[in-house]
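As written, the chain order gives the labels A, B, C, D and E, with residue 1 at the start of each chain.
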Amino acid sequence: MNDPLLSVRDLGKHYASRGTRLTILQAISFDIGKGEVVGLVGESGSGKTTIGRSVLRLVEPSAGRVRFDGTELTTLSSSEMRRLRPRMQYIFQDPFASLSPRMTIGEILTEGLKIQGLGTARERLERARRALEQVDLPPEAVNRYAHEFSGGQRQRIGIARALTLAPEFIVADEPVSALDVSIQAQVINLLRDLQQRLGLTMLFISHDLAVVEYICDRVIVLYLGRIMEIAPSAELYARPLHPYTRALLSAIPSPDPDAPRDRQILKGDIPSPANPPSGCVFRTRCPNALPACGETVPELREIQPGHFKACIRDDLN
Amino acid sequence: MLARNPARSPGPIVRSLHRFLLNRTGLLGLCMIALMIAAILSYPLWWSFKPNDIDLIAMNAQPGPTHWFGTDGVGRDILARVLDGGRISLLVALTSTVISAIIGFLIGAVSALAGRFADAVTMRFVDLVMTLPPVIFLLVLASIAGTGIWPTVFVISLLSWPLLARMVRSRLLELRERDFVMAARGMGAGLPHLLFRHGLPNSIDILVVFATLQIANAILLEAGLSFLGLGIAPPAASWGNMLNAARSTAVLEQYPWQWLFPGGFLVLAVLAINFIGDGLRDAFDPRAELN
Amino acid sequence: ATLSGGFDVGPGGFQGNFNPLAATGGFTWLSVYFEPLVTYDEKLEKVVGQLASSYEVSPDQLTYTFTLADAKWHDGKPFTAKDAKFTIELAKNAKTGSVLAARLNAVSSVEAKDDKTLVIKLSAPSASLMDTLTKVMMLPEHALSQIPADQLAKNTWWSTAPIGTGPFKFSKYVTDQYVELVANTDYRGGKPALEKIINRYFANPAAAIAALRAGEIQFTYVDSNDLKAFNDNKDFRVIEGNSFVVNYLGFNHDSPIWKDVRVRQAVMYAINRDAIIQSLYGGAAKPANCAYVADQVVPKGIETYAYDPEKAKQLLKEAGWDEINGNKPITLLTYYTTPLAANVMAAVQAMLAQVGINVTPRAVDTPTYNSIVLNPTPDVAQFQMVYAGLQNGPDPGSINVGLNEKQIPPAGPNVARVRMPVLTAALDAALAETDAAKRDGRYQDVCRVMNKELPWGPLWVAKRYGVAASKLKDFVWTPAPGGGPYQAHPEKWAIAE
Amino acid sequence: MLRYSLRRLLIGVGMLLALSVLIFAMLRLTPGDPIDAYIDPNIPMSSSDLAELRATLGLDQPLPVQYLGWLRQALTGNLGYSIKRPDQPVLGLVLSRVGPTVLLMGSAIVIAIVAGIATGVVSAVRRNSITDLSLSVFAVTGISSPPFLSALVGLYLFSVYFNWMPSGGMLTPGQEFSVTDLLHHLILPATLLAVAQTALIMRYMRASMLEVLNQDYVRTARAKGVFEFWVITKHALRNALLPVITLIGSTIGLAIGGAIFIESVFNWPGMGLLMVDAVEGRDYPVIMGSTLVIGACVIVVNLLTDLAYAVVDPRIKVG
Amino acid sequence: MQQTADTILDVKGLRTVFRIRSGEVTAVNSIDLTVAAGETLALVGESGSGKSVTSLSVMRLLTRNIGAIAAGSIHLKRKNGAVSNLVSLAEHEMRAIRGNDVGMVFQEPMSSLNPVYTIGDQISEPIRIHRWADRKTAMDAAVALLDSVGIPDARRRAGQYPHELSGGMRQRATIAMALACDPTLLIADEPTTALDVTIQAQILALLQKLQRERGMAMLFVTHNLGVVAEIAHRVVVMYAGRIVETGPVAEVFRNPRHPYTIGLMASMPKLGDASRMKQAGERLAAIPGVVPSLMNMPAGCAFQPRCKFAIDACRLALPPLAEVNPCHQSRCIRWQEIR
C-alpha cells in the first residue's frame, strides 16, 4: 500500500452554532489503497457521514488535507472539482430520500452523464439500462418512478446511479442499514460482487459491525469524531484492542439462542460535540477508564503492524 | 410495492396526464375553464352585440331576452363585455402570473442555492420590497409604465413575486440538504442544473398554490389599477374595470347585474383555476398514484 | 339640536386644511364660522356685503371704501378695520401660503381709516376684485399678528382654536373624522337656531350617501346618478344648482391634427350631446356652445352644433382627415375619474369612432393630469385632447386664464395652448371693461368667437346636487363652485323635531 | 433573545434607511408634485404663484439635496410638515393614525386567525366532506372578491339596508367616548377586512393540519387514550400552527393594502386613509413618514412572528 | 396455546383490511396470538409483513376511513380482571383502555413525541386522563417514571423538550409514557430499530427489567432476529400478513421449520463468521426476490415465488399451520423435509 488512492490527513470539521463551536471531526487521518474496502463504524452522530462527505467535498472540511490519486482536493476550484467528480461517487443511506420522487429512474440514472455532458441522449439511456442490469434490475425500469420500487430495489438504483459515471472510488454511506435482513443480504452480495468485478475502491460506512466485517478489508472505529481504532477486519474482530470496539462488538444481539448472554452494557449516551470530555472522549462511558484518561488526548498508535488504537491502556491488549 | 408491474410502462408525461385525468375536481375545473374560454373566444359568432357599442336608449337595462346579462350605464351589452373582458382579464392574469412566478422562483431559488452572500443580498432586497406599501409601488410603477395590457402585466408581475420568492427559498433551503440533491452535486451539478432539474419540480406545489391565488389577485390588481386610471384603458372591458362600476352607489344598488356578472365570472374562473391547480399538483407528483 | 352633514364631499372641498388663505374650495363650510367682507347672494348673481355693511367704488374704479358692520370675534373682541387690513395684507403675501396673492396683485394699498372704515386702493382697475374679496375670510389680528408670515400656514391655530366672526364657533376637530362647531350666541345676526353643526368627513361618496340614508347626517353632496334613490323619497329634499363649470373637449393646439377648424367642427357635430345629457346625466346638464351658459352672456343665434354625423364626416373628408391623422388612436386625457365620467368618455369615444376619429380615453389622477398639461413642453403624444372643465362663474372673467394666449403654460393654465388672436383680443377687451353694464356684451363677443373658432369643443354645463333631509328647515345651500361663499345664513338653519 | 431582537431592530433601521431612499426616488418619478395635486383643474391658478409655492417647499432643488435635507431633519425626529395640511407635523399626523390602524388591523387579524384556524381545522378533520367543500368554495370566493366591492356591499347591507351598524367613522360624532361605541363602529370594517385573510389562513391551515394529522405523535396521543378533541386541539393544532404563523407574518404588508379600501369606505382614520390621501395629494412628507412608520411596523411584526414562532416551537431558538 | 388464567391478550382470527382506490387489500389475515402475563411474544417479519398493522389493530388505532378490522376477536384481560373483546368495544370504551390497560411504544422516538410539549407534560398526560390526577401529582408521577426508566436527573429532564434529549433518552421517555398507568400489556413496535447497538442493549435490558418488575405481558415487534433471541420467550414469524411459523424462541431458532425463517436466519451476517466466509469466497445466503405486494399476492403460499423448496402443491392452496410440536407450528407443507 505504498501509493494510496485516497489519503486523508488531519481532517477536521466544526460547525459554529449560536456561539458554541461544535467539533464534529478532529484529526482524522487514514489511507485507502487502490481496490481496498475500508469500513467506518461508530455510533450515530459520531461523524461517519461527515467524513464521507468531507472526503468528496460535499461538505467543506474545516481543516486538513484530502489527496485523491495524487491531487489535493481541498484546494481545487469548484469547476476543477466538478471535472473530478465522476471518479468518486457517493451511495446514500436512505433509499427513500436519495432518489428524487419527481424523476423517472431513467432521468435519475442519466443525470450524472448529462451533467458531465457525456454521450448523446440515446447513449446515456443505454448506459442507464446497462447500469440497471449490473444491479439486477430490469432495464424497463427507466420509465418508472422511485416510489414504485421496494427499498432494496431503490438502493440498487442508488448504486446503479453511482456506477453510471464509472467511478474508481465510492463512499457507501450505510447503504444497507435501512433495508430488511433478507434484502440487506442481497445488496451486500451485490456490492461485494461489483467491487470485485470493477476493482472499486470503497469507503464503507456502517454502524453494523457484522456487515462491515463481511465486506471490508480494514475497519476504522470512530467515536465522537475521533478515530479509536484501525485494524484489518479479521484482526479487529478476533482481537479488538480498544474498549470501545469491545463494547460495540459485545452489544450486538445474536440470534443464536445458545450464544452466551453476558454482555457488557455501556452506560449513558454519546456526549454532545458541543462539550466533549477532556482527554479521551470515550472515558465517560469507558469501563476501563483511569483518571489519567482525562488528562491527555490519546494518540493513535500502531500496536501491531496495521493495527492502531487510541487508548493509553496497553494493559488491556 | 408495485415492483412487479408489466414490463412496458408509458412515459412520464403520459402518466402525468393520466394522473390529472383521474382527478375529478381537476377535470371539472378544466371543463369550466374550457367552456369559459370557448365562450370568450367564440362569442362574436353567436352573440350579436359588440362589447363597445353604446346604446343610450337601452342603458341600464335589466337582464332579459335581448340582453341576457343586461346593459351598463351607456347601454353596452354586459354579456358581450363580460366575455370580451374575460379575454383581457385572463390574458393579463395568466401572463402576469407566469412572469411573476418566473421572477419569484428564480430569485427565491438563486437565493437558496447560490450561496450565503447571494442569499443575504437578495433576501434583504425582498424584505425591502415587501415593506414597501403596495399603493405607492403600484402608483409609481404604473405611472412609469402607462396604460395598456402589457404595462399592466408588467406592473402586476413586478408587484407579486416577493412572497413566492420567500416560499420558494425556504422550500429549496430544505431541499438543498436532501440526499438526492447532494447526489446531483456529487456528480458535479452546477447551479442551473440544481435550479431546473431539482428546484423546479420540487417547488411545483408551491408554484401551483401561488398561481391559483395570484390569478385572482392579478385580476383584482388590474381592477385597482383601473381605479387609479391606469391598467386597461377604457372603454376596453376587463372584469376589473367592470367591477369598478360598483363604486357608484347607484350601480351597486340598483343595477347589480353590472357587477354581479363580471364578479361571478371572476369567482368561477378562480374556482376553476383552483380546481385545476389541485389537479396539477397531483399530476406533477408521481406519488399521487399510490392513494 | 345638532346638524350633521357631509359638507366637504363635493366640489373641491377638502377638510384638513383649515386655513382659508390656502383654501381653493370648501367655502360652504368655512363660511359657517369665518366671514368675508363681501359675499355672493344666495343665487350667486351679485356681490353683497357680509362683514362690510356697505361699500363704495370710486368712479376711476381705483378706490374701494368699505363700511364695516358691528361684529365681534368669537372671543368677544370687536372686529375692526385693522383686522381687515391685516387679513388682506396676509392674503396678498404669498409667503403665507396664500393662494389669493396673485389675484390681489392689483391692490396697491389697504388703509384702516377708522375702526369701521376700510379703504383699498388699486394700481389698475380690476373687474375680478370683488369676486376675489368674497374668498378672503377675515382673520383676527390679535390672534395671529405674533406669528411670522412664513410660519402661519404651519400653525396649529387653524385646526385647534380658530376664531372667526360667523354664527358658529369652532369647538373641536377629531382628525379625519369630523369638525364640531357650536352656536355663537352673540352672533350679530341673532342667536343661531342650532346648537351644533358637525361636518363629517367621508373619503368615499358612497359612504356619505349611506350615512345620509341611515339618518346619521342630514345633508350631503350627491352625484346626479345617485339621485334616483332620493327623488321620490319624501324624507329628503334634492337641491339642484348650476355648477358653473363648463365641460369641454380641449384640443391641444400644439398638435397638428387640430389645425383645421373643420376637424374641430366635425368633433362637435359628431357628438350627440343631447342624448348624453338626457341619458347619462338624466337631463341634469345644459348644452354649452361656448364657455358660458348664463343667459346674459350667451348671444342669440350662435351655431348650436346639433348632432349631425353625416356633416361631421363630410367636414373631415373636406379637411383631409385621412391624411391628417386617419385612424391613429388619439389619447383623450381626463382627470375625471367618476363612474359618470367614465360613461361619458365611453359615449364620446363611440360617437367619435362613428365618424372616423379614434380616441382612447385615459383617466388619470389630478396631479398626473396637471403635470402633463401644465408642463411647458408637453409630450403631444400623451396629450392630444383633454376632457376637462373650467369654472365660468359667477364671474365670467374666470374663463380668461384657460383661453388667453398670454396664459399658455408656464405663464398660466391655458392648457389647450389656444393661440387665437381674435379670442385673446376679445378676452382682453372684456376684462378691461370697467363699465359693468357693457361687460356682458363684451363676454358675448368672447362667446361668439369661441363658438365660431372652437378653441375647445364646448360640451355642457352640468348641474350639481345636494340632498338634505326634509326635516331640515331654512337650510340654504347651493352647489356653488368651490362651495361658495354665498349668503347661507347658517344662523337660521334648524331641524324640525 | 434580547440581543437577537436588538440586532434585528438594528438591521431594521438600516432597512428603513434604504426604504426612505427608495421611496424618495420613486416619488420623484411619479408624475405630478404636491403643487400639481393642489390645483383644481376646474379652478386654475396663475402659474407665478405656483413657482413661488414650489420654491417655498424646496421642490425646485436637486434631488439629492432634497433628500439630504429631509434626512437631516428626519434624523432629529422631525419628519417635516404635511404639504396638504401645513399645520400638521407629519410625525404627529402619522402617529395619531397608528392607533386606529392597529386597532382595525389587529381586530381583523384576530378575527381572521381565529376564524381561519377554526375553519381550516374543521375542513382538515372533515376532509372531502360537504363542509370541507363548502368551506373551500367560501375561501375561493373570499380570495377573489375585490376588497372595495366587499366593503361597499357590506356597508350597504349592514348600514343602509339593515341599519345595524354605523356607516363609518370610528366614533359617533359629538358623543362622549365609550368602548361600546367604538366596538360598534369597529366590528363591520374589521370583519370585512378579515374575510380575505381568513380564507387564506384557512387554506394554509387545512394543508398544514392534514400534514400534522399523519404524524406519529398524533398516533401516540391516541395510543395514550387522549380524547379526540384534545388530540386535535392540543397535539395537532399547535404543530400545525407553525407554518401558518410565518404566513401571517409575511402577509401583514398585503393586509395593509386591503385595509386601504376598507379605511376609505368606512372612513376609518388610519394609516391607509392617510396614505391614500397623501398619494392623491402627492404629499411627499406624509408619504415618506407613513411609509417609514408602516415599514417599521412590518419589521416589528416580522420580528414578533419570529419570536412567536420560537414560543410555539421550542425547537427554534432565536439568538 | 391454551387460554390460561393469566392470558392477557388473546387474538383470534384477526383480519385487517385497507381500503385503497382500487378496492380492498387484506394487510393482516387470520392471525392468532396469545400473550400471558410476564411473557414476551416477539413478532418478526420483513417490512410490510403486517407487524405494525397487527399491533395497531389491537390498539384499534387504524385510521378509520382507511383501515378496519374485518374479522376476528381480540380479548384483553384488563387491570380490574375483566376480559373485554376490543373488537366490539365502543370508541369511548376503547379510549379508556388505551394508555391505561395497554401501553404502546413506537419505533421512532423522535417523531412519536410531540415536539412542542415537554417530556414531563407528555408522560403525565395519560395519568391525568386515566387517573384524573391533578397537574402536580401527575408531574411527580412522571418524574418518578423517568427515574425508573433510568434517566438521571429526572426532574430537570421532565422540563425539557424532546429535541433536547438524545435518541436513547427519548425512547426511554416513550417507554415511561407507555408505562405511566401500569398497563397489563405493553406493545412495543420496533422500539430499538432506530437506535445504536449500544443504546439498543440498554433499552432491551431496561424492558426486561421492567417486565420482570411489573409482570406485564409484552408484544414485541421487531425485524431483528438477534433482538428476538435476546428478549422474547416466544416468537411469531410473519410473512405477507400471515403467521408462517410460531413457537418458543429457542425451539424456532434452533430448529426452524419454515423456509422463510430459515432464509432469514441464513441471510443475517454473523459476527466473526464473515472473515471465514470471505476467505472461502462464500456469499451471504440471501432470499431472492422481494416481499409481494398486498395488491398482487401470489396464489397458494405467499412465500412460494421466493422459496427454493417450492413445489407445485405450494401454488395451489394456502398451506395450513402445521403442528411441528404442541407449541411449534409452521405454515409449510414440506416442513418435515426442510432443515
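A few comments on the model shown:
By our rule, a contact is a pair of C-beta atoms (placed from the backbone, for glycine too) under 8 Å apart; a residue touches a chain by one contact, two chains touch by 3 or more.
What you see is a predicted model; the values in this text were computed from it and never measured.
Between A-B and C-D, more contacting C-beta pairs join the chains of C-D.
Among the other chains, the CA centroid farthest from that of chain A is the one of C. Inter-chain spacing, taken between the CA centroids of chain C and chain E, is 90 Å. Centre-to-centre spacing of chain C and chain D amounts to 37 Å, using the average Cα coordinate of each chain.
Inter-chain centre distance (chain B to chain D, centres taken as mean C-alpha positions): 23 Å. Each of the following residues of chain E touches two or more other chains: 290-291.
Multi-chain contact residues of chain C, defined as those touching 2 or more other chains: 206, 210, 364-365, 368. Under the contact definition stated at the top, the residues of chain B that touch 2 or more other chains are 1-3, 143, 227, 247, 249, 252-253. For chain E in complex with chain D, the touching residues are 59, 61, 95-100, 103-104, 106, 108, 111-117, 125-126, 129-130, 161, 163, 174, 177-178, 180. On the side of chain D, the complex with chain B involves touching residues 15, 18-19, 22-23, 26-27, 29-31, 136-137, 140-141, 143-149, 152-153, 156, 200, 203, 250-251, 253-254, 256-257, 260, 275-276, 279, 287, 290-291, 294-295, 298-299, 302. Residues 53, 56, 58, 81-83, 85-86, 89-90, 92-94, 97-104, 107-108, 111-112, 114-116, 138, 140, 143-145, 147-150, 153, 158, 161, 165 of chain A are the ones touching chain B in the complex. Interface residues of chain C, counted against chain B in their complex, comprise 205-206, 209-210, 223, 225-226, 228-229, 272, 275-276, 278-280, 337-340, 342-343, 345-347, 349-351, 360-365, 368. In the complex of the two chains, the chain B residues touching chain C come out as 52-54, 56-57, 59, 72-76, 143, 147, 227-230, 233-235, 244-245, 247-254.
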